[in-house]
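As structure tokens, here come the structures.
In the two assemblies presented below, chain A is common to both, partnered first by chain B and then by chain C.
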Partner chain A sequence: MKEPKSKLFSQRLFRLHVAAGITFSIIMYITIFFGVFAIFLPQIQAWEKPSRYIEKVDIKDIDYNDIINSVLKNPDFPKDNILVNLPGRMGDPAVSIGNRFVKPVVFNPATQKEIKDEDKSITNLAAFLNELHYGQPLKLIGRLSFGFVAVGTMLLIITGLILIYLFKFKYKATNQQATFSTVHVKVFTWTFIPFLLITLSGAVMNVGLVSAGPMSKILTKGEASSIDGVVGTVLFPQNRPVKKENIEAKMLPLSELLKKAHEANPQLTFKQIKLLNWNDTTARADFIGYNPYKPFLNGGIFNIPYVSFNIHTGKLIENKKVLDSVVPVFIAEGIFFLHFLFGIDIFSRTLIALMMAMCGIGIGFGVMLWLEKKAKKFEGKITFYHWMGKISLATMIGVIPATAILFLLQWVLPFELEDRVLWQQGMFYNAWLATLFWSFYRINSYQASKEFFISGGILFILSVLLHWIYYNPTLLPSTILSVDIVLLFLGVLCMFIAKKLPKNRTDAKIFWSSKKRRN
Partner chain B sequence: MISNFYNYLILPEEKGKKIGLFRTLSAIFGGLAVAYLGMTLLAFTLPMEVKQSAIISIMLNTFVWAGMATWIALSYTRLSALLKFLIPTIVFSITLYILY
Partner chain C sequence: MRNSIKIILLILLQIELYSHTLVMDMMDNGDNTITVVGMFNTGESAAGAMIIVEALDSGEILFQQRLSNDNEIIIQIPTLPYKVILDGGPGHTVEKAGIAPNNGFKEVEKIVHTKTETKKQQSPSRSLMQISSSVAVTVSIILAFILLFATVVISIINTNKLMSNLNN
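Coming up: the complex of A and B.
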């Protein structure tokens, strides 16, 4: 007997969604989990470096010329294309003077004195969390597989949306399965647009750009072998270098020019200054900023507004506004905006982080829904013990104590310790692996998840307390202290969840069913 | 032998509860070929410079891949899945060959 065409279609649609979901869920969850931390990369980066526990200074009151001249006294420092990162860029309260080819020199803007910067070999917490977010620890293999997962996730979004459209999901949860389904469906009905944009930009970065070689070769009829050769001039326009006249000239104070730049385009918040031909009559400064009034059109990585001056004469050279770009750049920027959030304020960041955390929870409930359907078959016969359940328990919940260890070790390990970062990351991996062992060892997954939550909570709280023992919390700048408070809150939340969660399957059935049955 | 294979292609599966290797492979690789060639062609046909239209192709390439994979995997019969892969691939390839 043959099934009718439409029934076959919906069966396949459902099956495709479930099969792809189980295949991609774990890596997608990891991406989202560390992605939420990566959203707060600027804040964590300032928190992890004691050298950045300095007060904020208004960017217009800093004597940049003095700082730059003292850096240029070092004959090894390149004289051209100097990048000055203004305080507040990526949450960094310090001024850093850099160049593409050298390590930046960092200054305290209040005292104009050089800061001993902790480099990647001493502390690398925020950057490491960001690398875990896109699979970088496994290099190209990791990046590619995370990219394929992003493509798979888009397939899940497409099939999921068709499923929501075709089937009328009833939002009256009477048993656990229905609760899981309701949460899964509701979360993604509300968040699919930002989720899709973020997944799409992730897929572009990890798969799209890597695989664009043949396409660019066809498009340029064999001239360009990588995508940069095709779209580079549009996406990353570079100003042509200005020829030096080799006449030594006096440089106007950059802080004054910054004020003029603000007058030229009052909507911009300035983040960076690019300097060309310093100490020459042709010296040019590009004041690069972000326009918060035009989100999705700038703030990603492609469309960057700036104001340029000649530093010697103070004459305005160029005033590039957000809307001075072509449509494809806006499309690219719109897709990438939510993923990069360069220069975006903490409020929007928190909003997007919460939205993505919801997506992570939605994925978790999707997997639980699948497991619940499997578990039903064994109802009342034997305890349900499934490899997928154990692996997702370790990756999804076990990652919490593992990450908490990463934060705790930031203050346990002394900064002078050799291979400090290696110890920190190695212990993180081992802890995460240990949670996998623990998930398989504990027959009752409910108990194991409670233990993961409670240990994660305690470790997060300990990391904050240890931080406060080393650094007096009353003297910390408010930005650093707020990271502590958020971590403390996260720890308490984990412990609260651990206390609330059901102890075993019988409890769980009551816990996840409708209110009527609980009373 | 050939008619057996033809029957395998033309008769829809009795139940839709399994996707099967044939559909999976056609969806993944067929979807990739159709999306990649289609987006390359799109960059040529959009009424703007290649360096601009290529941005749109690059940005949407992976999304179209996911869409094509869904479209192919959900075909009624295996034959239609195969045709959804082969026909656009051949048409796009020939067009690209002419434009190149």
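Coming up: the complex of A and C.
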């Protein structure tokens, strides 16, 4: 009997979805797992550096001039294009004075004293978690593979949506397999729009921009070897040099000019000051900000609103608003905004993180569904011991204790230790590999997953306790303490999951189906 | 077939990461001075980047100064062969051979010869090779290989155990 064409199409589409899903699932899960941590990059960055355990100060009450003058006493420090990062930029409570070509000098805004900054050779936890999110540890190969996985994931989202439409799911699970399927479908039915947009922007960054090199070379007849050489002059702000008059002049307090900048554009939240020709009559300060009322359109890399003053006379030079840019800038800014969440507050970040965590769980259930179908074939004959199951277990659940070790080592390893970051990262990779060994060692994967959750939970809790032993929690700033509380909660959650999870396949069948019956 | 391989190779070889690149131009002013211009390929200013003039024979730094706001600097041409370096930090360094003065460079053959000899003495040997200069990396790599080996071994042992159970 001949199958109807529509049924054949559905079946082929389903097979394509399953094959692509199982191919891309592991890397996509890793991307999402570390992406959730990367969403809280500003908070983790402040948490990992004890030098940032300082009071919050109103940005308008700081004597920036004094700080800048003390930095410029160093003859080797650049005198032009000085960047003053205001407290609160990227969650950093300190003031930093720098230039693109030198290491910034960091100050406590309350005391105006220089802080001994922990650079990335001493601590690099947040940045490392972010690098793991987009495959940077494997350099170009990593970025490209993660990018292609993002492209594959878009295919999965589209085929998944068509399948939901074609199959008309009833969302009534009576057994383990149906529960996995229902969770997988439900999660992506709810979250596919943000997931698709975020994946799309990730694919653009990892594949689109990286592989645009050859096209740029062809377009410019060999002059430009990357896309920024072609479109950079349109997308990036062009700095017209301000010619120095070489007449020394008194500089007005930047804090006063900051107040004037706020009056000129009250919608802006100021993040940075760029200084030109300091101590000259032509000295100029660009007060760079972010307009939270126009998200997606500003505050990131390309569209940067600012208010400029002559620092000597206090005269307003320019007031660049969000909408004073060209359309390509808005498009580029929008794509990057989807991924970087520039200037987004902590509540919106948490919401997006929760949505992405849900997507990670959805992928996990998709893989479990595939494994369950495989396991059924061996039911009653032999224990299911499949390489994909073990690798998935180590990658998806084993990553939890490995990441917890990363957090614990942040306080176990002394800050003076040579190659501290390398030790921390090396131990993380080995802990992750150890979970792979343990997955294969334990024939019963249910037992191994429980052990991973419990060890991850204990390690997360220990990292917080150790942090509190070194730094009195009652004296910690609320932003730092909130990271501790989240880690503590994560630890307890892992232990709770470990307790609840079934011990073996027989228990699992009851666990997943009885749960549905309760609903 | 050959063309497709060439295209693939071209793409693989030409891929560069999306990053701002520093570009440097040098112009001979004709009065034994050169104007060095540095900026990013996106048109952004490179003010603050270090311009270094280094002697080719001895590696001696003859001149160094940070780029000012107008992105250019005028330098007196040295009498020795030299190179100009625009130093924007790791991964952002551009080097160009220096333009000769109106009367050409002074002879430096002897010094070049001495340098070659020094280089020969420092050539790496197999006996001195090591995995990494850092103990942390060496230990981590060794541990990783042990774990991978142990994983392979344990998977074989467990598979055999399950197979013997099945046969029984």
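Annotations for the structure displayed:
Note that in this section the second predicted complex is superposed on the first by the 495 of 519 C-alpha atoms of A that agree within 3 Å, B and C clash if a C-alpha of one lies under 4 Å from a C-alpha of the other, contacts with A are read in each partner's own complex, and residues count from 1 in each chain.
Everything that follows uses one rule, which is that a contact is a pair of C-beta atoms (placed from the backbone, for glycine too) under 8 Å apart; a residue touches a chain by one contact, two chains touch by 3 or more.
The model shown is predicted, which means the values in this text are computed figures rather than measured ones.
With chain A as the common reference, chain B sits beside chain C without any clash.
The superposed model places chain B and chain C at 80 degrees from each other around the C-alpha centre of chain A, with the value given to the nearest 10.
In the superposition on chain A, A:Val242 makes contact with chain C only, while chain B stays out of contact range.
In the superposition on chain A, A:Val102 makes contact with chain C only, while chain B stays out of contact range. In the superposition on chain A, A:Ile317 contacts neither chain B nor chain C. Contacts of A:Leu433 after superposition on the shared chain: chain C is touched, whereas chain B is not. Of the two partner chains placed by the overlay, neither chain B nor chain C lies in contact with A:Ile301.
Of the two partner chains, chain C is the only one touched by A:Val210; chain B is not.
By the document's definition of touching, both partners, chain B and chain C, reach A:Ile227. The superposed arrangement places chain B and chain C with a least CA-CA distance of 11 Å.
In the superposition on chain A, the residues of chain A touched by chain B in one structure and by chain C in the other are 209, 211-212, 214, 227, 233, 235. Residue ranges on chain B touching chain A, taken from their complex, read 12-19, 36, 39-40, 43-44, 48, 50-63, 65-67, 69-70, 73-74, 76, 96, 100. Across the complex, chain C meets chain A through its residues 10-11, 14-21, 40-50, 66-71, 87-89, 134-137, 139-140, 143-144, 147-148, 150-151, 154-155, 158-159, 161-162, 165-166. Against chain C, the residues of chain A that register as touching in their complex are 78-81, 99-102, 140, 143, 205, 209-214, 217, 224-229, 232-233, 235-239, 241-244, 276-277, 381-383, 385, 387, 390, 419, 422-423, 425-427, 429-430, 433-434, 436-437, 440-441, 443. Remark: chain A residues 1-3, 5, 7-13, 15-16, 19, 147, 150-152, 154-155, 157-159, 200, 203-204, 207-209, 211-212, 214-216, 218-221, 227, 230-231, 233-235, 326-329, 331-332, 335 touch chain B in the complex.
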